[in-house]
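Here the chain labels run A, B, C and D in written order, and each chain numbers its own residues starting at 1.
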Amino acid sequence: MSSETVFQTRAEDSIGGDFYAQHFQEGCEENTLVLNMGPQHPSTHGVLRVILEVDGEYILRAEPVLGYLHRMHEKMGEVKSWYQFIPNMGRVDYGHPLAWNWAYVGAVEKLAGIEVPERAEFIRVITCELNRLASHLLWWGAYLLDLGAFTPILYAFDDREAILDILQRPTGSRLTYSSFRIGGVQTDLDEKTVQMIRDFIPIFRERLPMYKALVTDNIILRKRVEGIGEMSPDVIDRYGCSGPVARGSGIEYDVRRNEPYSIYDRFDFEVPTEDTCCAAGRYLVRMEEMAQTLRILEQAVDGLDKAEGGCIMEKAPKPNWKAPAGEAWFAVESGRGKVGVHVVSDGSKTPYRIKLRSPSYSNLSSFAEVAEGVLIADAVSILGSLDLIIPEVDR
Amino acid sequence: MTVFEHFRTLCIAKGNRASSGVDWNVFLERDYIVDAAELLKYSGFHLESVHAIDGAEGMLINYLFDHFTQGERICLRVLLNHEDVTVDSIAGIFQGAEWHERETYDFHGVMFTNNPNMVNLLLPAESEVHPLVKAPKKRVALAELLSCGEIESQAEGFDLLNQKTEEAAQ
Amino acid sequence: MVFNWLHFAIILFLLAGVLFATGPLILAMLLAPQSRGGDVGMSYECGMRPMGSPWVRFGISYYVYALIFLAFDVDVLYLFPVSAAYRDVTGWLPFVKVFIFLSFLILSIAYFWAKGVFTWPKKIR
Amino acid sequence: MAEKDTLKRPDLLTANGNYMEEPLVNVELAQDIMDVCRSMSLWPMTFGLACCAIEMMATGMARFDLARFGAEVFRPSPRQADLMIVAGTVTHKFAPGIVRLYEQMPGPKWVIAMGNCAISGGPFKFKGQYNVVEGVDKLIPVDVYVPGCPPRPEGLLEGLFELQRKITGKRWWPVAKQVGECS
């Protein structure tokens, strides 16, 4: 069989697209091209697929198509027991899994009226904030890689590895943590881990100015992000965006501040905002957030010694524990925004319904409107500035 | 709860943020959801989530709204019969609702009329399976599932939550 | 014309160049197993089946930019002999001649500038 | 679809009719030399599906440095790649895409199934599941399985060594000591 016949056999049906492309094409203008960006695309950070209608290099319309990584977390919630569902939370968002851990565990604790020991709260804050740093570093490296700068990701992963070395001691894993338990955390922080964190904070604090000099002040980066992807506060409102995306548009909203959970009301930190509403604003907010996270970490590590109680409550729920009937909604701030978990229980061993509200999902839903009329190259910049984690979008 | 002072609601219940995370639970008739969403839009609320709970009495659609500055979480709830799970879309007011509604269609088979793009979002295209719909035997009465808090006002003939209050009284 | 070693070297150089470029391709064709059948021949579009014909209107702005660059690149070639021979000339006449040539280039830049080739809108909607 | 039927061969790689044609010059010595060359410069495709993709990235970064073993050139396009690292969960929706991408890779090509999801569906295999392909080997032939959820970068490196051993028939790198053996 020669290569020509191979080409011919597939040529006829190769222009058909699939259901979504055909559905999308119905609204197309004449002489435009329908182009798939993703699922296998390095700058969509996973398997996001965006169908674009392009006129030359300009995007006339864009429609994200989701579900290429739909992993049935909500269905699993109805099948697994209250405890068995915790590992799922480590896999919803691989960037900041501890926030999801916390959202789920917090919702169940709220439902059952469980009080968590003070020390456990401190450990949760420390590990969660370390994880936030790792998440922002991952975003930073990957975003700059999308924009064409390769070196920063090497620096970012260098620092990230230092964080993972610390985090794998109390959580037992490098990436998909599921160390939170209903009523506390799995493992206590030992002396060495605390010392590692204390050593890490000044080192990382020195790196931040270097990142600023190396990347943030770079004219090429500035040209790629400034004025790109403008999202007015109205857009934020209508799409329900949260986290750095909302703060980059001048909305001072952080769940840790506006709806303080756990012990976040004890810490002194600022909620950085930028009024530029563009990708540069979101970039700067995240960079500033890293500095603020270090501040929280410092205070939390200092407070850990004085905290009372153990790492988990006495008489913590057993594996076949039954939650009381009722419902609870719990929101936490993850690296991407507001994570919400709505648990509904009928009083049995398994949850009746679990709804996971993910921030990336709402942030991404605004993309179709924001990307209208921009260059394809800028669409990459916009997608990156939203900091997408696809498993979290698809769940 | 001044937003819904002059609005036709079935029931308004004051929840407790510390115990259930929602400040106000507002039950609405099916036809009023778009007007209610518009009201909330002008009061500066943003949409957090739209999702359904499959209960014995029917499909309960929850619309969660939050406010960036006031910090008040409102849950609008619409009960739909299992025979006719159709409700108006609020995607015209909160564009972010489009995806949430499509997801609800995927999981629970709830049809949202006037949604601009009513195709499968997460499941494969034209998939007819709605995985989170429960078998009729496994459905539990909503009164047992919900914890709405104190009932402030209630329309006549609305007795979805009454069973719960009786239980609590006993 | 006498065929001397220099010519032979040039031919050798050419041959080596051609081999350097085509050698790996030929080797791969001979030695590598070939993947056949299925969607091998389909154009790659991020793993999805392409939609519609690719023969549509496309953005010209970059190509105009690239063409201008190419044209100027070739023009620079003309300036090399000038710069090599310039130190042997006397008087202003050669300077004026080169300047006339360059002034046309400058005019063309001004023309493209006025046409807006160098500025692309960031957003069209 | 008559032509497609003629494609049916016993050695099909995918259900869609992809197969591998023998090289024109099938001399053993030449192939052996080529195999060593191939195994020492594997070009993986950037094919991060889920969580494992981050560990795959970490493997490519400075600390674990995949470049030491000649596999650091991550290519976004299957046309330039000869190794597909399936790093993450494969869903029914994306299954045709994965098969297509595999078919679009030129020969010779290899597949590493990285992580439990790609091996068997992993944690997402449960009664009543509706969207996850239970193992990417149901779609495309897999050469090396790297278990873990996600595997540590060392695990992926070991998987790469195993693939190199599979291609050349020889292990090229020292074997790590067992835990407890180290003094």
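What we mean here is this: a residue touches a chain if its C-beta (ideal position, glycine included) is under 8 Å from a C-beta of that chain, and two chains touch if they have at least 3 such contacts.
Everything quoted here is computed from the prediction, not taken from an experiment.
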Comparison of C-D and A-D by number of C-beta pairs in contact, larger one: A-D
Approximate Å spacing (C-alpha centroids) for the pair chain C, chain D: 38
Interchain centroid distance [CA atoms averaged], chain A/chain D, Å: 28
Cα-centroid distance, chain A relative to chain B, in whole angstrom: 26
Chain B-chain D separation of Cα centroids, rounded to whole Å: 45
Multi-partner residues of chain A (at least 2 other chains): 1, 9, 18, 39-41, 67, 70, 72, 75
Contacts with two or more other chains, residues of chain B listed in rising order: 123-124, 131
Shared-contact residues (touching 2 or more other chains) in chain C: 36-40, 42, 47-49
Touch relationships between chains, expressed as pairs: A-B, A-C, A-D, B-D, C-D
Chain D-facing residues of chain A, complex: 1, 5, 8-9, 39-42, 45-47, 67-72, 75-76, 79-80, 87-88, 91, 94-95, 138, 142, 153-154, 157-158, 160-161, 174-176, 390-391
In the complex with chain A, residue positions of chain B that touch it: 17-22, 41, 44, 46-49, 51, 53-54, 62, 64, 68-69, 71, 73, 75, 93-96, 98-99, 107, 117, 119-126, 131-132, 140, 144-147
Contacting residues of chain D [partner chain B, same complex]: 92-93, 128, 130-131
Of chain D, residues touching chain C in the complex: 7, 12, 14, 16-25, 30-31, 34, 77-79, 94, 97-101, 103-109
Chain B residues within the chain D interface of the complex: 123-124, 129, 131
